[in-house]
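Below is one structure; the comments refer to it alone.
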């Protein structure tokens, strides 16, 4: 019987090497796989390229990973937030690279990687500085930019419910980029708030089919960045 | 004597121009006030680009779900008929032309419909674009709500944007504290003046030629 | 209150004009919107371009629409089946046009239309006769073909459960192309086996958000092509 | 005395080469028999391109759901852990390299890995490609199960395909009634001979040079 369950977050991330490209699910604090991120801090892989919509909050989760000097480059759409200090400081000091991608283009590039589409055209960012250096082309009288797929070696994902085949459901807007990242990474590692037996998720309700998932770790009662920040916590 | 529109009145005036049944995406700031001024007999469905249609008002402490946020990372609620989806589907709604109206704030908007609302271009600014460039290219009608001038009195309606563009030639209509202004092939056109505002004041505070109401 | 309900299949299809491009959901008999197709036969619009994976079964549903001479051109991946006689006869007689598109490319072209992606690259059909006349391009040492989006004026869709906002769920493999076609048509017309009140479908379980749907008609106890064919029925 | 493999034995031999936990797509015909010969201790998950993972065997009359079909339009069942999805997601699994093995029937397969299994190219043939071209480009390992020759004794393993290609250079391994044959950079290579079959017979019935087992 196929069983993708992994006993701990530490074991789940243990083979992420230095230099890896890692997608991290979540939009701000919503859907952020905090326990997996903290396990990656403990594991210590460095020189990472991280793909996420943002750059983390406070000094926990993704922000803590960045603050710990493990991230060489961020690829994201919005590297600011009212509670993010870690990234801006490193960025202004020239100690971390940044590739800014419009949010919809970021999502579509990740999906394209999962779908075997090496490139596509989008109207987004035409006529802006983010179009510089990009191929443009006209279709039916309108200008579009060519964008390439965006793949990763690993994805770190938080879901609501998983089964041992890696079938997943998410909670509300905690879904965001996660189903796309599951498709686009060579190895997809998921922390599930609930792990249920095979057959216990309605096949019509599964959002991410298990074929896109490699490892599942149950993390009941996960912490939430907003709560950690409100409590003044930091991870290091 | 009243002079011009308040933030709430600007939002109400914008809401007045949104048709019944519209799918609407609201930017952060004054645009968020639109939800409070939906005209009697109309229903708008709110899209938030982080993966939801049918977004409702902020939750009470008890209602709050830590995973349920809007694109501005504020906690929100779901209304009956709401639906969740992933980011690629969400931006398919935007890029594919399925959202009817997007109401944005701005730093500058130009007489040719260019909008600049994501970056000052300052050397130490951290570029953060979010979904703004997707929205202005994908949504059929781009409405802007903005004060007519900056806090220091500089025009926000200009001949050409000096800040980096979010999109070129995309804005349809602008709701300011002084007037409702259309972007036309011939430039700015006042559609309506706010109470107590005369056209000369609008022209004087606009950084490009503007035509009086017909 | 928004209400996309339409009182009858006849009214739902009444404005489909001659010459329209119409997407029809379903894969073989599974998920085929038979009642909407029969309404379109009664309505009588001609010179249609129809997009479906197949060309219909027996002499009911899509096959009957084709047999009635209303279809100028079919765009599909597999215009044969053991029970399809109508299309092959017309095709061999030169009375209907055919564009054959690989199944995955057909799905992706339809999705692209709904997603505002005018063109994308795919490895499918490279080195085959279906690549003739198509632009090809190399990415990372592999050859790909450029494919364009595929839009329609109308989509005819069968779903399991709908609400008045047009939020939809489907039944098993009856889902197939339908969610994509809902996105890609200017006007999407849905027959729902069950119409429920707003709020009665779990927001996590909705497959097609109502934003992609224009009209919903309740058709309880829909007929199924395989049953009609087994009973020797034809529609004309 | 036994000579060669039956259809069932060909399917069993192919199943033997599929690893535990594989996601597998099976073509119509002999490939469908693979499900009956999963080696002890292994589990395969079956993908059907019309939108399902976890496909089970044909239903009884009572179990039958008229919407639940496989890509060959036959009624099937769902196994525990099954999942449904739309066609774009289904072909993302294929095109994106997520399906581990696809087992196909064929009309011809060439020494360079070309496969022709969708059309004879006859002038009156109705071209019907289905998902075949997507599968051969997207799936990591393309296995073919086929009789070594046609009913009239023509080789199906050939130097170059004379029928229109489904895909170029895509086939990894071929399971025939006479042998297991790999497609290598140097052409056909026999991996294993069926019981009672000698290499000379295989060479004689193959339309291109073929190398004996090592």
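As written, the chain order gives the labels A, B, C and D, with residue 1 at the start of each chain.
Here is the rule we use: contacts are C-beta pairs under 8 Å (C-beta built on N, C-alpha and C of every residue); 3 or more make two chains touch, one makes a residue touch a chain.
Everything quoted here is computed from the prediction, not taken from an experiment.
Each of B-C and C-D has its own count of C-beta contacts, and the greater count is at C-D. Averaging C-alpha coordinates per chain places the centre of chain A 36 Å away from that of chain D. With centres set at the average Cα position, the gap from chain A to chain B is 29 Å. The residues of chain C that reach two or more other chains are 108, 111, 115-117, 122-123, 170-172, 203-204, 207, listed in rising order. For chain D, the set of residues that touch two or more other chains comprises 78, 84-85, 88, 91, 94-95, 138. Contact annotation for chain pairs lists A-B, A-C, A-D, B-C, C-D, with touch applied as defined. Those residues of chain B that touch chain A in the shared complex are 48-52, 65-70, 73, 78, 84-88, 90-91, 94-95, 114, 124, 126-134, 137-138, 164-169.
On the chain C side of its complex with chain D, the touching residues are 27-31, 77-81, 87-88, 91-92, 98, 100-108, 110-111, 122-130, 170-180, 207, 224, 226-227.
Contact residues of chain A toward chain D in the complex are 1-2, 111, 113-117, 163-165, 167, 183, 198-199, 203-204, 206, 209-212.
Interface of chain A with chain C (complex): residues 108, 112, 115-123, 139-140, 142, 144, 148, 169-172, 202-205, 207.
Residues of chain B that touch chain C in their complex: 20-21, 23, 43, 45, 47, 53-54, 78, 80-85, 88-89, 91-99, 138.
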